[in-house]
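Listed after this line are the structures, all set down as structure tokens.
Across the two complexes that follow, subunit A remains constant while its partner is subunit B and subsequently subunit C.
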Partner chain A sequence: MKIKDVKEIEVMAKEGVRNLKPAQIRITVGSAVCGQSKGAKETLEALKAEIAKVNLNADVVAVGCNGLCFAEPVVEVIAPGMPKITYGPVTSDKVPELVKAVKAGNLLKGMALCKTTRDQFLNGTAIEYGRTADLIDASEFPPLKGQVRIVMRNAGLIDPLSIEEYAATGGFAALAKALMEKNPAKVIKEVEASGLRGRGGAGFPTGLKWKTAKESAAPKKYVVVNCSEGDPEVGMHRSLIESDPLSVIEGMLICGFAIGASQGYIYISDKLAAAEDKLNVLISKLSEAGLLGERIMGTDFSFTVTVKRSTGSYVSGEETALLNALEGDITEPRPRPPFPAKKGLLGMPTVVNNVETLMNIPAIVLKGGSWYAGYGVEGSCGTKVLAVTGDCERTMTVEVPLGTKIKDVIAMAGGVKGKKALKGFQIGGPGGGILSAKKINLPLDYQKLWKEKTMLASGLVLMDEDTDMVNMARFFIRFFEEESCGKCVPCREGSHRVGEVLDQIMKGTGTKGDLDYLLSLEEPINDTSACALGKTLLAPVSSTIKNFPEDYAKKIGG
Partner chain B sequence: MPTITINGKKIEAPENVTILEVARENGIFIPTLCHNDCLAPYGGCRLCVVEITLGGKPTVETSCTYPVEEGLVVKTDTERIKRARRVIIGLLLDRSPKPVVIQDLALEYGITERPTRFAIENEHCIRCGLCVRACREIVQARAISFAGMGFERKVTTPFNESSSDCIGCGTCELICPTRVIDMRDLPDAQEHTPGDHESIGPVRSLDNWNTEFKVKVCKECGNPFYPAQPLEKFRQAQNLQPEFFDTCPSCRVTPRVDEELCVGCMGCAVNCPIGAIMMKEKEEEQRANIYREICTGCHYCVDKCVVGAIKLEEQNHV
Partner chain C sequence: MSEQKEPKFADSEAQDLFSRMIQAVPDAMKNVVQPMLIGMAEQKAGGGPITVDAIKEMVEGLPEPQKSVFKQVVSAKKGLDPETVKAMIQECGGDISELFFKIMGRMKCIPPEGIREIAKQTGIPEAHLFHLATTGRAFSVSLPEHQVTVCAGTGCAVKDKEGSLGAIEKLVNEAGAEKIQMKKVRCLGCCDSGPAVEIDGKRVALSSSPSKLETLVKG
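Moving on to the complex of A and B:
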């Protein structure tokens, strides 16, 4: 259908609700790339074949990732009279057993993880499922207990390619609200009131960024989505954008409306090919539906979105380097000031926001800034998505209110693998250093983490007692060495030299003087580097020297 | 006009200029390696860092890129800044110990010893990017660029092949602070074919970019003077008579800067099609200087000079 009026979104939503709770059975398979790597595709095919074989009236839908990575492939079954049951891992050989149980209206105990009796959406719609099943409720299920899903509201629930299902859970209602009220200043006010900070690590207040761009009188403005995720071992944004790409697009549209832009780019990492394909399909679908392009929903607001593949380096996630890459130039940071919100893409005011930040926007606009600020703590409002990985029992993606203690997040992931002790962990990406296990009482709070010389990035990586921290530091320095763009001297030459010194320490030829030399570099390199990559270059080294001196002592000797 | 403070001295600065420009205008020296007045600010070498305070805590920024704003307090020579510069110079010295500019800086900042733990390198290129930017911004040929990342970064032509965009103007050689670009004018080059070789006349070769250019010979004096191909381009672009470049600059009237009249506005320097004009210090003032090594004598700067300081004159043979 083509939306010609803002009110028609509700019609579309009703259509979607029928999909989400159909008269027959709905079986969803978590088919993001993470699920596929564990065999989700095979499970999906097997399910379709088996259903046809036993003549069961059921929809089989490929959805995104609901965060329970340890249980991939995750299958959810919604059958009349039954609660929604989450199963995992369901490999293709277990499909006949599952389908048999579903057909008989039974619960398959061995594989079932938890049940859901009610799904409440942003727009007030709620779907009630059946109540009785002898199974733990999702709200009490340890990996999910304590999670608040705002960014991940649709993850694993809807078909990422279905506009109707997205609308059913409150999608495009925020955009419709903004377009109906015709008050960009109010949108920005709500975003400011929400206290939302950029989720990339630097934590710059999003509302302030938008306000700066809005205040400019430039003839053209741009919205750019930074989806150039590059932290080693972490794939949080991939999971988010693959599971719910429409939230990102809606966030962009709202931003475009608020600052007065009519063109947006999604700059996506070359490793996210699956998400890129989905985005391109959706952009043409949305244009047909009157939700992108000229006169969106019949209003005066026009906006186009283009997907651009990144050059693939870590530094292309730095916002000014990203803009250079978008323009086809060398991927290296630009001098700042001027900041992109004043002078960005092609010299025009540009808001660069990351995926997670923008996915918050529709919820904030729909439910109000103060509702969002109700989550979290002062100065760090809302929720944060974290990929919990490394030496943990359950690898998973969680969304928790800010202010949650790190140890609680670790508990969700089932603690350290193999009942070992935790030695250290990383929360700020490679540039956030490695904190000692003693710090697990720290809350997820921007200011408190900055005080510990780390930041809040996209992953929580656990390291168990057997980890050699010198080796770990070397790993991250090698990463920086490979990913430095080479523009500025401290980062280009520094990363290489620090690597050389660490190599010698690893070989056993290091001296105590080497550690002093490394520590003496920290302040000057931090001061002089052009971007955050260089500024945080020494963090993996200085934090390990400080937190795990015994590991260095072993290598250097007396 | 914003008022800023540099090293305790209150200065009224013009709008839209950088800290470095204001400092130099006021006789405050800040070291640089990758900066050139004719090019857009880049911020690659980081030597020009200064401590700035604007309300909160002091931060360290590159003065070549940072625009002045009201109330800015700048310190150019604190211990923190000296420490930072020493680290940068040290890192440069580890890789490029020979170039005179690096040695001079090391001397100035009192670096006499380097850690012996590193592999010894002896590269001359310091990756300041002046050649890349001059080729792009002044000559607008975009024949060379950076390739590779991090420590592997180097200046080269696309795929290290001979570049068809290079016009052989020699601006890169002129602007290079470490003299790493090898440009040679050979009076009589030989083309080698298996079992034979043939004379092809005077040639300009730029080994770094794998390019070679046949050079035009002056009709008057018989001296080779400039690659033929770009001359035709300049002639057309500036509407000169067909026979203009038949003679070398020395055999016709060529531009010369009258230093008494020059006000150092750089109008000529930024407009010279090949960047043959650079600024030089004369009695603490900036003056345009035409480098005759690469000047084609095309007269373009004569029109561009707003004060009439560039005049056409007979020249002595180079």
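Moving on to the complex of A and C:
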């Protein structure tokens, strides 16, 4: 069936709502890679078997990751008359006990984490569940309290492969709105009004990028999704695209419509095979439904999406290196300017956006730029997804309004593991350096973090009091040694030389002069490297020398 | 992520041959055919690890047309002959990274002689192709007996207080690149239980991985 107008999307959405709150029972299992590494697949199979055994009328659905990694495999149960109950960890051996409780209409106290009584979606639809259960509400549950889910609106809720369930939560409504209004300039205006910045780290205003691409006259334009996460953080983008790939595709379509592109590429890391498979399945489903390909929804707008596998190095996430790779060339950055929005893929105007950025777009277009700008603070609007890892009590993914203090995010993750003291943390990826624990009052704010010489990237890594910061600096420099593409000498050779000096210091043969020498390298390496990888190479060293001088002093003996 | 019981192969040659045979099977039938072939090969091997000879013997016992299809695979030269390269280039429409992924899927590495052949046929300089093949983390130009994949993401580095990842790296370096190669990836997607280690594609607990590697290296 080819979708031709908004009404047909509404029909699809109704069907999806019936899936999300069926007359019988719906049991979901968090089955993204993070869940699978903890046995989600076994749990899913055990659930199916047990349900058949006890003759229970229930749908068992594999969903994505709702961010509660510490509680994987996470299972949610929606049963008539009961609130939605989140359980975790539910390993396969605990399944019989859980099914028994579900069948009896009971709450299984020991494993239950929290309850949800209502899910409200972007399109205004709300699903009411039962109200009473002797359990903490999700909005008060410490890991979730204070979160605002815009990007992760569907994560862990819908079957990532179901376009009906996606439509039920407001999916395609934004695309339909944009296509029916036939006003690309208005879409760009809304994105500009939202204050959305690119979520990759550099924080470039998305609306401005789109506008530049729109205004550059060219016979062809492209939209490229950067999902080549080489950050040594956590698979934040993996979790997002695996849980809700359709939001990314809808974001791409809207971007294509706004800038006048008819072709899009999703450049995805080779380690994300599960997500790649899902994307390919969805692309053919959407093409069948008339939501991709020629004359989408019966309008003049046509758009095709191709998934391309990245060769998997850190630099392939740099936008110009990524374009080279897409063209089949060596994955090395190009000089900028010209910026891709003017001259990108095959010399044509190209918008390169990352996964998180694009997932915001349907929400912005549907609810308006000023609604989005209502979250966050001036200059940093909306929400940010962060993977919290390292020495934290609860490894998890959170989405909070910008402006939230770092210490509040740390609190969501249950603080430092084993009640130890926090020594430092990293929030800007390897090139963002390591900040001292004294800085936990900083808000998630682009400008304020830039002032501290760091950025807002995809993860927050906590380091406890036992962490040796010289060792961490060495780890990051080794990372740069291994990931430098070799194009610029200061980065390729500089990383090795810096590593050698650090090795001397770690062996106890370093001197105070070595530290001055290392600090003096920061400016020249920054000035003479083509991309951010080289430019920020020395950040882990200079930040640790400045923020943790005692660790270096111990090694060079005063 | 444990799948069905993994078959035991006597050596990488047997494993390679078997995976090339499976590649000859149409996608839709792989799920059915693979376990069947494994079962038959295991029988021929008499319960021990599957050898090249056991696979050949099994193929002889198959009915037609499967027998001749698989016989072709068995008698095909290991490596990339010019015709195969030509066909693969055509299939990929000249997209070199796609071609490399295809070769990796088939041979688990991109052998240097294959790269030279691609250079000859496409006119792309050898240096360029070697550059592509050696800088992409997804590619490898040699096939070691064993492969260990470790997560070297920041979260895992912070968690690895005992320096186990360093110990693994040391073991691997001592054993030599032909015996074992170590691949660093930046996130295997299981941060909560990290640092993650995979030996020959299977998740291994970090604590037991050095001893397991030692047996592999010495054995």
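Criterion: the second predicted complex is superposed on the first by the 555 of 558 C-alpha atoms of A that agree within 3 Å, B and C clash if a C-alpha of one lies under 4 Å from a C-alpha of the other, contacts with A are read in each partner's own complex, and residues count from 1 in each chain.
The definition used in the following text is that contacts are C-beta pairs under 8 Å (C-beta built on N, C-alpha and C of every residue); 3 or more make two chains touch, one makes a residue touch a chain.
Note that the structure is predicted; figures quoted are calculated from it, not measured.
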For A:523, decide between first (touching subunit B), second (touching subunit C), both and neither. first
Quick check on the superposed pair: does A:500 touch subunit B, subunit C, both, or neither? Answer first, second, both or neither. first
Check whether A:313 is in contact with subunit B, with subunit C, with both or with neither, and answer first, second, both or neither. both
Touching A:467, do we find subunit B (first), subunit C (second), both, or neither? second
Applying the document's definition of touch, where does A:321 land relative to subunit B and subunit C: first, second, both, or neither? neither
Once chain A of both complexes is superposed, is A:77 in touch with subunit B (first), subunit C (second), both, or neither? neither
Is A:492 contacted by the first partner subunit B, the second partner subunit C, both or neither? first
Applying the touch criterion given at the start, work out whether A:33 contacts subunit B, subunit C, both or neither, answering first, second, both or neither. second
Dominant contact partner of subunit A by residue count, subunit C or subunit B: C
Under the stated touch criterion, which partner chain does A:426 make contact with: subunit B (first), subunit C (second), both, or neither? second
Those residues of subunit A which subunit B touches in one complex and subunit C touches in the other: 313, 330, 482, 485-486
Residue set of subunit B touching subunit A in the complex reads 41-47, 49, 60, 62, 65-67, 80, 83-84, 86-88, 91-92, 94-95, 115, 117-119, 126-127, 129, 145-146, 148-153
For a test of understanding, state which residues of subunit C touch subunit A in their complex under the given definition. 1, 94-98, 100-101, 128, 131-132, 135-139, 152-155, 157-159, 161, 184-194, 196, 203
Can you check the complex and tell me which residues of subunit A touch subunit B? 313, 330, 332, 335-338, 481-497, 500-501, 504, 514, 517, 521, 523-525, 527-530
For the complex, which residues does subunit A have touching subunit C? 32-34, 36-38, 41, 69-70, 72, 229-235, 238-239, 270-271, 308-314, 325, 328, 330-331, 387, 389-391, 395, 426, 430, 459, 461-463, 466-467, 472, 475-476, 479, 482, 485-486
